[in-house]
Amino acid sequence: MKKFINHIDDILVESLSGFSTAHADLVSLHLDPAYIVRKNKAANKVVIISGGGSGHEPLHAGYIGYGMLDAACPGHVFTSPTPDQMLAAAEAAHANQGVLFIVKNYAGDVMNFEMAAEMLAFENATVYTSDDCAVVNSTYTTGRRGVAGTVIVEKCVGSLAETGANLNACKALGDKVNQRISSIGVALTSCTVPAASRPTFDISDTEIEMGVGIHGEPGRRREVMREADAIITDCVDAILADFKVKNLTLGENNEALLLINGFGATPLMELYLIYNVAAKLFKQHGINIARSLVGNYTTALDMAGASVTLCLLDDEIKQHWDSPVHTAALRWGC
Amino acid sequence: MKKFINHIDDILVESLSGFSTAHADLVSLHLDPAYIVRKNKAANKVVIISGGGSGHEPLHAGYIGYGMLDAACPGHVFTSPTPDQMLAAAEAAHANQGVLFIVKNYAGDVMNFEMAAEMLAFENATVYTSDDCAVVNSTYTTGRRGVAGTVIVEKCVGSLAETGANLNACKALGDKVNQRISSIGVALTSCTVPAASRPTFDISDTEIEMGVGIHGEPGRRREVMREADAIITDCVDAILADFKVKNLTLGENNEALLLINGFGATPLMELYLIYNVAAKLFKQHGINIARSLVGNYTTALDMAGASVTLCLLDDEIKQHWDSPVHTAALRWGC
Amino acid sequence: MKTTFIMHAAKEIQQTILANENTLESLDRAIGDGDHYINMKRGAQAIVDIETELAVLSPEAALNKIGLKLLSTIGGASGPLLASFFMSMGKALQSHEGESHLKIANAFAAGVQAIIQRGKANLGEKTMLDVLIPVSNQFLLLAQQNSDTALICKGLIETAELGMLATQDLIATKGRAAGLGERAIGHIDPGAKSCQLMITSVCNLILKS
Amino acid sequence: MKTTFIMHAAKEIQQTILANENTLESLDRAIGDGDHYINMKRGAQAIVDIETELAVLSPEAALNKIGLKLLSTIGGASGPLLASFFMSMGKALQSHEGESHLKIANAFAAGVQAIIQRGKANLGEKTMLDVLIPVSNQFLLLAQQNSDTALICKGLIETAELGMLATQDLIATKGRAAGLGERAIGHIDPGAKSCQLMITSVCNLILKS
């Protein structure tokens, strides 16, 4: 394992320090407990707080700023943060209108945020993201994993909160957007957790992990490596099947947002090639790709691979996706 | 080699198609010869055209748009584009005020752009970027390589061109900015050129390549892997030594832009850690990091590694760096 | 139960965790995300680090403090679960008079109940509960039967081992391994393994003393 | 020189390039960026692809067209250099009357001059010129001496080989390998190798016919 680090125990703090120094116009960092909080926000608004294990950068701290998050709680690498971080972040960010937590649906994240929510003195609610459709048989699971679609939920809810909407409205929009998103990921290589200092899984030069999670969790199944057209066709089919299960009807003029997310080590060149394949396939199914995002938005450290995320748009979601946002990793309109 | 591709010969076209579809609001793609040209630009302006081998994405097509490039000519992977591409791009983009080529200083790029410039019917000039300070003994070389600093040159010149400045002024600013930039890169792994289907160089788990180029060209020397502090100290020292050679005096209140660029497979978490180390070291040398950019801006396919780029600011450069830009990969102020 | 014993046990647990780095790490790499060892190590270290603070507390207060400390240190799925265990065990200990095996067994059971409530899992879902529930039941049984300390300790070591091994054949329905379906079969659950290790090391500590 | 011969030579060159994939690729991986083989392959294919267009042209016009085609096909450093070679060789052929070894040697020399001008390099800089300059000089010499075709071909094969091998001990001062300093020593220049291969295959073609 070769990584740009000093001591394993200091990675997080050093990286967060770098982040908050590089983006000192947007955020400030607090340590013990660790959270990053937005500078310059309205005195009255629902504050949107997210967090999760580190290693998914730019998720979540990279999305703090106007039109998106108000604070983020970074856990250790791939380990959910702890309730004291969430409580401190909520205290620091609170703007008199309650707190909305956006939480990726993993046992650890759910339980830690749940305990924070129980202890929090302010009015609060939680949106759980669960866009990963990789695991077919839902009886196997307490709920699906939250993956790259989380970015879309955070963007839309952040936009609504900026308008002065109340906690219930923000929570409702978050749930609605989450419901309209489906994602699936493919890994070509494993990631290496710094503290473990060896790859999470072994995979040969002729295999891929279909349905992999953003922590390098094994997915649907190990498959043989194929050409991009074949791999992405399977991803698109999985998403379309999931839309069917979710009863999201796809008419003639369905507009959708297509997010091709890199897991960390996949060249942009390949991500755009994937986009090309996926967009064509979705179009063949009558889905009009009205908005696009291609890049490393929800990573798994140094994993090579990518995920395909489709979000079915409506006027409300489109409006909140398009609205101005000013964060380290997502910025437009201002 | 596992990559998201169909046939090696189609990678470029498929990836460019994906790019231009995903960013159809900004660009359009032309094939045979291949170039990408900006939509919606003023009828009268110096047009800024760049290009180079592919595999460095988002360089260059990702920087087409308001305030930056007007067209880009993508070559095959790591192979400079050909004059016919540049001529066609110039014809398509021309806006009655001449053409400025921004060219990374490599034999291949220089010669191909030179031939295009000789054949071009319009008034034109060329800025060569040569920010890589890796190779110490300059007698070894016809000139230094252009690396990540190219992004800064393109941003500033693009900004000036937007104001209606003439060709000479744009060329002069480009040369000035290039002169004030120094970069150096470190590779932890090799990249794999798709057509070659095996890594460009072998490197063990205990080695790094110091001074590597953005095509995986071997650099200054093979060194033993060390902690980030030690590696980045050497990078910072190389840049400071280069500033001395260039006679760029560093006073008390020197403002600089610090760019930490990932080569493609390095997690953002590590890039911010590098930023943290580099910013501290530069500050110790009286350099005030007034602007920052951290991310994958000039990549080398799937190489793990990063480069440190410092650009000494003045009011003019700062103004052009800060001005609005709207491209696929760099966007602010609009 | 004395606070000094709790501190002893904590150090013993820490040593056991450290000694089982490879085991815990590879189990969580196989069906999880590879961080379980480092999470447990961080938690154990945090408790040992506050030794002097803990030393002055009552056993009940010490257990509660351990829970709180774990809550703000471990994170992940195991953090809130283990934290809930110790906080509830401390609370339960407080509400029972006297010093007896049964009192401790009841407190242990209260801790396990807290895990069940927090994680909404139960026996057979391939989690730490597949060790903790049988151990708790066995503990209660042996204590009710007035078994002596050695018999209880040996019984719990054995039960923990069986529970841990049983996770190998299970499909996970809770936690990170739930995504794996059939592919989880053949792997021991990391949380079950670490609980078995902790229980065993504490029981051995008692047996030795 | 007939256009049919040029086409023959082009196909022969293509076969030689394809047969030397590993050699060319590893040389450019060692001191360049690994694309020289694929660049040469793309160039050779492009020429073979326009065979019917070339067939109707005069040798001079065919060489010029080959140059233009390479210019828009190869890219990289070798593209404009090889393109300049063929365009200049074609032009030079046009301006000389008759058909003689000397005429072709002069045209070859004009092509090499064009490479020198375009790339601003010269002998000893670890480039294709370390093959092309000695070969051109030897060609002129042998032609002036009225040597027969076989002697010329054998002489050029030998000179090309020596020039190619000589690049092994050189430090590069032009092209991508210039960044390497001392580290380039011990490696043959990929462009020198491909030029040696092309010259050798054309000479062998002539020798066989």
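Odds and ends about this structure:
For clarity, chains are labelled A, B, C and D in written order, and residue numbers in each chain start from 1.
Following the convention adopted for this analysis, contacts are C-beta pairs under 8 Å (C-beta built on N, C-alpha and C of every residue); 3 or more make two chains touch, one makes a residue touch a chain.
Computed from a prediction, not measured in an experiment: that's the story for all the values here.
The chains in contact with chain A as well as with chain D are B. The set of chains touching chain B and also touching chain D is empty.
Greatest Cα centroid separation from chain B: this falls to C. Each chain gets one centre point, the mean of its Cα atoms, and the points for chain C and chain D are 74 Å apart.
The mean-CA centres of chain A and chain C are about 32 angstrom from one another, to the nearest whole unit. In this assembly, the C-alpha centroid of chain A lies 29 Å from the C-alpha centroid of chain B.
With centres set at the average Cα position, the gap from chain B to chain C is 54 Å. Touching two or more other chains at once are residues 77 of chain B. Residues of chain D found to touch two or more other chains are absent.
Taken as a contact graph, with one node per protein chain and an edge wherever two chains touch, the assembly forms an open path, each chain linked only to its neighbours along a line. Chain pairs that touch, as defined above: A-B, A-C, B-D. Residues 25, 29-35, 37-39, 42, 71-81, 118-120, 171-176, 178-181, 183 of chain D are the ones that touch chain B when the two sit in their complex. On the side of chain A, the complex with chain C involves touching residues 33, 53, 75-85, 106-108, 111-112, 114-115, 134-135, 137, 139-142, 145, 193, 195-196, 200-201, 211, 213, 215-219, 221. Interface of chain B with chain A (complex): residues 1-7, 11, 14-19, 21-23, 54-55, 57-58, 62, 77, 188-189, 205, 208, 225, 227-229, 231-232, 264-277, 279, 289, 292, 294, 296, 299, 301-302, 304, 306, 331-334.
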